[in-house]
Amino acid sequence: MRKLPLAFLPWRSLLLALVTLFGVAVISFVLLRVVPGDPIAMMIAPGASQADIAQLRASYGLDRSIPVQFVIWLGHALTGDFGTSISMRQDVTHLIAERLPATIELTLLALLIALVLGIGTAVLSTLSRRRLVGGTIDNANGILLAVPDFVWALAFVVLFGVALPILPISGRVDPRLSIDFATPFTLFESLLRLRLDITFDVLSHMIMPALALALPLAAVILRVLKGALEVEARQDYALLARIRGKSRLRVTLEETLRNALIPTLALTGVQFTFLFGGTVIVERIFAYPGIGNLAIDAVINRDLPLIQGLILTFGLIFILINLAVEASFGLLNPRLRHG
Amino acid sequence: MVERALPEAAVMATPLAEPAIARRRFAGLLAVFREPRVVFAGGFLLVLLLAAIFAPLVAPHDPLEQDLMLNTLPPAWSADAEPGYVLGTDSLGRDVLSRLIYGTRVAFTVAIVAALAAGLIGTLLGLLSGYFGGWVDAVVSRLIDIWMAFPPVLLSILLVAVIGTGVTSVILAIVVIDWTRFCRVVRSETLQQAKMEYVDAAVTLGTGRGKILLKEVLPNVLPVVVVLLSLEMGIAVIVEAVLSFVGLSVSSDTPTWGGMIAEGRQIIYQAWWVLVFPLVLLTATVLAFNQLGDGVRRLTDPVLRR
Amino acid sequence: MMVPAPLLAIDGLSARLRAPPHRPLLRSVCLDVREGEVHGLVGESGAGKSTIGKAVLGILPRAIEPCGGTIRLSGTDLLGLSPARLDAVLGTEIALIPQDPMTALNPSRRIFDQLTDGLRLKRRLRGQALRDKAVALLQDVQIPDPEAVLRRYPHEISGGMRQRILIAAAFSLDPKLIIADEPTTALDVTVQKEVLRLIRKMQRSHGTGVVFVTHDLGVVAQVCDRLTVLYGGMVVEQGETAAILAAPSHPYTRALLDATPRHDRTGSGMRPIPPQVAAALQAELARYGMGPGAHV
């Protein structure tokens, strides 16, 4: 009889996560307000009077002291109101909610690609008996690890957008397609509704940025998993399984893989948060309408409310990723199950 | 316990063995030439460095000189090329090759200064916390844990937005974010070294603790630091490129590879060369720093020596 | 009187290190195991007993290469088999009882899954039939409350119980031959006797031949019908256990025997190998280019 899934949840870490989130909110709030550069100054029309400026400042609460500002902000935040974007004149929550699904779909696709590539190559390389295969993979991997996601992104733009113009290099969907879905999760919904023409179109926009994000992660997964699989293959239980007549493929898939995935997952979790951070640049390169792209605009425009909202969004996402990774440890390693 | 290993910890720790117990110092500088990686990567980087230093002599044109009559010229081997503009021109008629050469200045300035600064701070803190332990170690370790929770690119953009644009800000951002890379590794190295017998021997001889740190531990930790420096320079180049791509680095007059890439992205269909050449040079430089670090590591890790 | 063909016939088996200078590890080892017999393989560490076991099972590490001789199981030469044929033979006809019960079990898989691997793979058992068989196996090795144990993970049960499970797994497909590689070395002394008795019982009821690898002559006395003494990769003595232990003919065997503490002889205990014996041994080995410090 299996233990309840609740045993997988790391309750203590959850509490720690909430505290961290609060800490992030405070620190970012303070940092952004002791900053040189005045967002109000960017918004005013030439010839505005001092009174107008003061009024504008007051309307954004920027005339109060920092602790007071924070309390006001916190009060609103807890009800889901993160204020209005200074540069875009829209509700911050609305802006983020509009674009977050696109980024989520992109990063999940990238994660999937990275896992398939990384785990697949690692398993294949341990199955091959020839030493040349393993050595070549190691060398190629070493080089792969050094190439950052934005270099891949730009390379893809050149190769598959211009040299061989087979893929679109900006946006998320073809503007000529009429899409009236219920949610902003365009890819997901198109699959559910079996609108495969839309699925195809969205994928053609997403595949390059997703691949650019996936390759560095795949390289890390390959490196760690390959090493771990080699270590596990030398363990007694693996040898015993071979002696029982299991083929090398079976031994890898049924015995060593689950043990080798434990250290791999730890690193993948950290790297995945980096992948999420990478969306900032990759989305920009592909003009993909996600929160990464939004973040750059916000920073360039010194849009404080928007920046604050985005920091919290990213912070929350990172925390959730870390929690998920910790929970998965319980799944893989029976010795770590809580309760 | 969730183990938060840095990517380069994975790179350095698997599948190759941990650094061996005893470390011999370089058998003279000539030993460097035994490793092909060091020779080729180092040579390439040296050429770039020289190009950066002697840019006014090497570059065929003034990188800031605009000539709208000659804009978006293709590279020399194409049909519509103009002589004298080997790699073509951008949308304002500026010579791509010259801008590339001058862009090397920003890249290398940032790379060297940022890497050295981050290395200095990180190594110092790593040495102190690894050797003296106690509350120093506890504080530093906690700091590292918190620091490592944030993705570097995101943080650097945020920091530069806060601090303001310019080369100094970029360098500062890199240092603030990446000192932990050095600190972590140096700390663990120091911990290992501190347990060695020669340290005990020095203590019994009455040498002061600070002196031991400087004369015994540091030289053995140095090879690792050199490897990390090379790695860090590669990272610094990338971060600078990203920041200038986004427009948060130096002022838009100064040519940077990232800036050229940004412009090239806009006119990618009309003038692919404006993006491709800086991209290729950037990638080659980063790979070179990486291979250089890898080569140095192979030279100094006794376990790997054939 | 015709002696029936042996179950396992190792004839002139030699092995050496693959890398120069090709230090020899086994030299022309001959030994045979009859059906239903427990054959002890005795020697100190490094004598080559594990190498023989690994050669039979086909898991010699890459660093070691066989360089002569045959290993015949019911007539089939195991050394000449293709990997696919070998996979078919292993588990069904030969099985292993390993030395360390902790590392021999996968920490991430339940006992039930690991125990029934062979049954699922080779006998294609499923569902209720599989579960019943698993329970029966555990009952055979005298494990109480088998259903509960089957659900557990290796780290949740004791070392003695783990070894019993490994024994059950080895016998599960009714193999003709079992290699027992020092199965009691990693266990508490109190548990050792139980496990030895269990192995004897299972072996008798299944009629399995066993190669019992050990360095402990006391264990040999309890379980083995015949034995082979190994030194420096060579067979130095071979024959019926009782006969050898009562009157060993080779000086090394005598020294081993003397080194084994016995309750029925006063004044016994460890004594160093007398210099004449050591010298004689070295000379004999040197003739074959074996033993410590030998160069080929």
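Letters A, B and C mark the chains as written, and numbering starts fresh at 1 in each.
Methods note: a contact is a pair of C-beta atoms (placed from the backbone, for glycine too) under 8 Å apart; a residue touches a chain by one contact, two chains touch by 3 or more.
All values reported here derive from a predicted model rather than from experimental measurement.
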item	value
Chain whose Cα centroid lies at the greatest distance from that of chain C	B
Chain at the geometric heart of the assembly (C-alpha centres)	A
Two chains joined by the most C-beta pairs in contact, as defined above	A-B
Where chain B and chain C are represented by their mean Cα positions, the distance between them in whole Å	57
Chain A-chain C separation of Cα centroids, rounded to whole Å	53
Separation of chain A from chain B, taking each centre as the mean of its C-alpha atoms, in whole Å	25
Where chain B touches two or more other chains at once, by residue number	none
Per-residue multi-chain contacts in chain C, two or more chains	none
Where chain A touches two or more other chains at once, by residue number	none
Contacting residues of chain C [partner chain A, same complex]	57, 59, 87-92, 95-96, 98, 100, 103-109, 117-118, 121-122, 151, 153, 155, 169
Of chain A, residues touching chain B in the complex	20, 31-32, 35-37, 138, 142-143, 145-148, 150-151, 154-155, 157-158, 161-163, 169, 220, 223-224, 226-228, 230, 263, 266-267, 269-271, 273-274, 276-278, 280-281, 284-285, 295-296, 299-300, 302, 307, 311, 314, 318, 322, 325-326, 329
Chain C contact footprint on chain A (complex, rising order)	1, 235-247, 250, 255, 258-259, 332-335
Chain A-touching residues of chain B, taken from the complex the two chains share	2-7, 10-11, 14-15, 148-155, 157-158, 161-164, 234, 238, 241-242, 245-248, 261, 265, 268-269, 272, 275-276, 279, 282-283, 286-287, 290, 294
